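Same chain, two partners: chain A is paired with chain B first, then with chain C.
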Partner chain A sequence: MSNKKKIVLAEDNSTLSLLLKFRLEKEGYELLIAEDGKKAIELIEEHSPHLILSDIMMPYISGLEVISHVRNKLKMQIPIIVFSAAGQEEMVLKAFNLGANDFMGKPFSPNELVIRVKRLLSF
Partner chain B sequence: MNDLQYDTEYFWQLPTLIKVVWFMCGVLFVVILILIGYLKFLRSHLRGNEKTLKKYQKEYEENLINYLYAGDGENEMSDEQRAMINKMKICVTDKFKRNIIIAVMSKLINDISGEMAHAIQKFYFETGLVNHALYKLKGKKWDVIASGIKELTQFEVKEAHDEIVKYVKHPNREVRNEAQLYLVSLFQFKGLAFLDKLETPLSEWAQIQLLEILQKFDNQEIPNITPWLQSENNSVVQFALKLAKIYNQFDVIDELLALLSHENKEIRIDTIRVLNYFQDTESKHFLKTNFINSSVEEQMEFFKLLETVADKEDEAFILENVAHHNFEIKQAALKILKAINVEKFNEVKLETSDLQVVEIVNFIETN
Partner chain C sequence: MDVEKLKFSELLLNEINLIVISCDKNGNVNYVSSATEKITGYSIDNLKGQLWWKNTFFSKEEGLIYKEKVYNIITGKTAISTIPYDRKLKCKDGSFKWIEWRDSLAENNTYVSVGVDISDWKKTEEIKIQSDTIINSVDSMIFVSDRDGNVIFASPSVEKMLGYTPEEILGDKWWKVTYDDPHQAIKVKKAISNYVFYYTKDFTDISKRQIKTKSGAYKWIEWQLSKGVNDTYISIGTDITNRITEQLELKNAKETAEKSLKVKDEFLANMSHEIRTPLNAVIGFTDLLLETDLSVEQREHLETMKNSGEILNSLISNVLDLAKLDSNKLEIENISFNLHKNIYEIVKLMKIRADEKGISLNLIVNPNTPIQVFGDPTRLSQILLNLIGNAIKFTNEGSVTVTVKKVEQALKNANIDFEISDTGIGIVSNKINTVFGAFTQAKSDTSRIYGGTGLGLAIVKKLVKLLNGDIRVKSKFGEGSVFNLNLPFKIDETVIASAEIEKRTSKEKQLGLKILLVEDNKTNQILAKTRLERWGCTVAIANNGIEGVKKVQHNSYDIILMDIQMPVMDGYEATKIIKNDLSKKTSLIPIIAMTAYTSKSDIQRALDVGMNDYIFKPFKTNDLFSLLVKYSGSENDSIENEVEIAEEKNELGNENKYTDLKYLKEESLNETAIIKLLIVQFLKDLDDFLIVLDLGLEDENWDLLHGATHKIKPSVSMFGISKLDPIVHELTHRFRHKVKLDEIDDLIKSCIEIISYVKVELQTELKSIINE
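After this line comes the complex of A and B, so read on.
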């Protein structure tokens, strides 16, 4: 069984997902990619990841619903980082109220994301 | 006589109208068959296209990511990256493939920043994609030109400035809009220089887009907006008023006071709003003098201004308008009166026979 820490990445931009997968796998993490919130919830329930990276705006189920599901239904206290685009400030506040631990505004630097992931997984 | 001969003879013996109906049914049946065939072909063609598109999209996504992570950190470009660029150079000559590559790159450049964003821009230049976008600027169709400018904005091609600045006055609004967004996105406040000579209207949507872009920059040092406040183009004046408010341009108060006499009512109203935001007191005298000749909207805006800056000196003017025919002005006048002189407010309360005033007074006292 792999000792790698699992990260679920919920992001509907396939190119960005692939880029982050490459970058985070290089750092020794195992990435599980979901292209929408529904798939993200399935992966979270199946794999119990150590961290979740989620975009706010996604098809079917939004990032906010994913956070709510993780915190209220699954009662998981794993770190959650949300990605938001410009103009989604209110959504970010809602994400924090629901239990997100950090957020990154798009466009963001993948290197900065790695630093934040490492920081959150080191606790 | 066999069955077919019998049917044929029977058909020819039918009335003409029935024959025509049968003939039309036959024609329609053939047309439906052809259409079904065509739809089947179209659907399979579109599905095939979609499949190809997905295949190439996946391939180019991987190629781009490999390119981005292939840097050796020592040279400006590694051998692997060079090989990837040479491979992609061939692909970009095909329009279908080029559009997919651009879509893949656009998806990424919108969401990432830093070194990788620079690497994507370099890829854009090295593969020759930039030349295709520049070529689009020479197109005859407005949508081709607009998409070329949009692409050059997205990949931050500052070198295209001289070419794109020509389109600021293009007859098509979309092209103008894209050119203006290019200038501001890439040259920040300096890019607003196009406003100096802009004769075409700057739509409300275009103004919002420009302001949104400007607010993203770290450098918030705004140039002198006075010439734009004095522009003959009303939309430029309205945009400059927005800039004055957002960037707290207190030093343009004189120009704002001059705009109170502008021929355009909307501009006069916007100006009062900005003066209200600045809590300006200099404009009070002018606005009081011209109050009767002003429109109701201007009068209402002026009273909103007075709610912030009114003092004892304005008492007489306020009292005059307690009986104003407009409910909102009447309400504002009473509210201001209570704030600057409670005794006078109580006097009005006791002396008035106007039922509306009584209701407003009760409302003000209980809220």
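After this line comes the complex of A and C, so read on.
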């Protein structure tokens, strides 16, 4: 097994996830991509990642449910960053209540995301 | 009584107009003179006996009282009075005559009464009483003076008005007491006499004179002069001191107001100049920095700086414009410009502010909007910046949407509707009519919370009027406002939009010119010098007009850049000398004015003194470059032929392109493989999106549609599809909240149309990447 830190990225927009995968892998992380919440939970359970990036609004299972599952069912304390679109501020509050560590409003700069990810994973 | 005698008298009495009656001892009238018939209209028979007492008196009672009196005299009960008295006599036609009566008692106790008709005299006397009453009761003074100006009569109101009793001013005294200067008194006296008696008028104002009152104070009296009888004249004087004082006060107030207005205008002009000069440096150096190697973050910060500077600049223009609008000095241009580009630039500029507040700013341009039009792009920008700026300012959550569409067209004249709607605080209904006033904001505490000068909408209203448009506002407090701006434009069909000639960005170009920069501000010197040196120019600096002239005498230059406002000698003077007083060679050097003044008269003055062209400070790099190219003479062609760098070519094309891959390229660190991958993926996503859109609309499955627009949105931003971004945003909003869904046809149409262009562009891009 490689010693690269693993990140699960749950995002339904494929170009965005492609771009983020590219940028984060440049930084030496291993990216696992899920295009919906259901797939994300499967990947998290299977790979026990070091960090989760998740969009809030996704088909089938929302980002909020993913956080809830990770914190309450899987009892995992790994950092979670959520992405939100404009007009979803109340969702962000819910995400924080459920245990999210950080959030980024779309559209965001991949640079900033890289910095935030690095900071959360440096502990 | 002697009948013969009486007969004789009768003859006489007939000739002279006398009433004579006599009564017997019972008081019955037994004689009436025939003249009486003429005076009363009654026949003699109707006056004799009892009839006299009945017919010539106004009431039966009065007649009886008189008869009683006569009877008493005849019978010796009362003594006769010989004093004449006046009594009205009733005539046959009901009118009366004033008769002066004299009674006497003849022999035989015959009572004789003789009456003279004094009606005419009575009338004159009544009039005299009336005019006396008038003279005594009017506030105006009435004088009667003789030909030499000596006062013969003065009405009592003199005392009320001036404090003198009539006696104190009679004769020549008037001229002594009311005038300080005896010469002036003589002058006025003569002028009045000339005016009244010879109908000639000189320059002495006799209609309004200042008169000294008894207390020593002065009063302004207005005189009406007219000729009287027997070489006299009548003057009627009215006190107009209050009127004159009021007029003076008004005049003073007006002068003060005008002066302070002028001071205000000058202050504004100076202030804006003082603010613009350092701002020029801020924007200019930011520009220079932007051309250096920067990290993405640094670039973003600098661009924000530049944008803020430009906003500040426009704010200053606003304040200045209001001053100009108020004094009707603002001129409106009518030039051909790209409407789409203009709107797009404005929205791009305001986007930064919207982003800062975390609200979205959407632009929806209906495809029916003409592209190239005639109008005033600067004023349009100003109006839209104000309206959009306001909308953003007063919106704390939600969005601001700018919708542009053509509402009607007759031949080449199109009416364009610009709708700026927001989800902000709105305007209270009773304040909605005042929002367009100067220095008013809907609520007086608004400025404390939201800031601003309160000038924005006042300027907008005036500008819109100048542009022959109209503006309306609808608002619901707490829900937001909608401003509808309607402006007429003439469509320019001569320019094909795609063939638009863009001014080229010029950072790597070499001009190699020898330039003299005449500029007193050190910061501006460095800014311009650095900028010019990057274009391979050698730059000499002069700190003022005189230094500039000296430098021109001893060196040769290709172009002179000349500031207008400088100490020692300004740009106008220096230009005059260079163009007229030195050699022929120097007179040919092109001089470009650099001015912070933006009025047309300043520009005209610059051109009048011989300057070849002008550029506004803070100048845009492109503008300066093209001016230099224009005046660099034969080198023109070589510059035209220079090969442009690929990257610039891209930027050049961007105005007309739907996608902008700058962000993507930067973020993917210019790795072709990943860019290719991203484009392929996006093309696939777009196809999926179109299918879902189709399905969702057919089934009216708004949730499905919301999911689809939400999903595609980040990609739209990433690929820089600025025209699609707001449409997708608006659609997402409507699908999510299920609002205004019956009006989405246009949006969907535009959306699909843009996607088809995007796809073509991306496929071309893909091909060129593969070929590389």
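To be clear about the criterion, the second predicted complex is superposed on the first by the 123 of 123 C-alpha atoms of A that agree within 3 Å, B and C clash if a C-alpha of one lies under 4 Å from a C-alpha of the other, contacts with A are read in each partner's own complex, and residues count from 1 in each chain.
Rule of thumb we're sticking to: a contact is a pair of C-beta atoms (placed from the backbone, for glycine too) under 8 Å apart; a residue touches a chain by one contact, two chains touch by 3 or more.
Remember, it's a predicted structure, so these values are computed and weren't measured experimentally.
> Following superposition onto chain A, is the placement of chain B relative to chain C best described as a clash or a fit?
Superposition result for chain B and chain C: clash.
> Would you sort A:Leu19 into first (chain B), second (chain C), both or neither based on which partner it touches?
A:Leu19 sits against chain B and chain C alike.
> Applying the touch criterion given at the start, work out whether A:Pro59 contacts chain B, chain C, both or neither, answering first, second, both or neither.
The answer is second: A:Pro59 touches chain C but not chain B.
> Touch test for A:Pro107: chain B only (first), chain C only (second), both, or neither?
The answer is both, since A:Pro107 touches chain B and chain C.
> Is A:Ser122 touching anything from chain B or chain C once the two structures are fitted on A? First, second, both or neither.
neither
> Please work out whether A:Asn3 is in contact with chain B alone, chain C alone, both, or neither, and reply first, second, both or neither.
neither
> Flag for me the stretch of chain B that overlaps chain C after superposition; candidates: 243-251, 279-287 or 351-359.
Clashing stretch of chain B against chain C: 243-251.
> Both chain B and chain C touch chain A; at which residues?
In chain A, positions 13-16, 18-19, 22-23, 26, 86-87, 106-107, 109-111 sit in both the chain B and chain C interfaces.
> So in the complex, which bits of chain A are touching chain B?
13-16, 18-19, 22-23, 26, 83, 86-87, 106-112
> Using the touch rule from the top, collect the residues of chain A that touch chain C in their complex.
Chain A reaches chain C through residues 12-16, 18-19, 22-23, 26, 57, 59, 85-87, 89, 105-107, 109-111.
> Sort out for me which residues of chain B touch chain A in the complex.
57, 61-62, 64-65, 68-69, 104, 107-117, 212, 216
> Quick one: in the complex, what on chain C touches chain A?
Residue list for chain C touching chain A: 296-297, 358-360, 397-399, 664, 667-669, 671, 674, 677-678, 681-682, 684-685, 707, 710-715, 717-719, 729, 732-733, 736.
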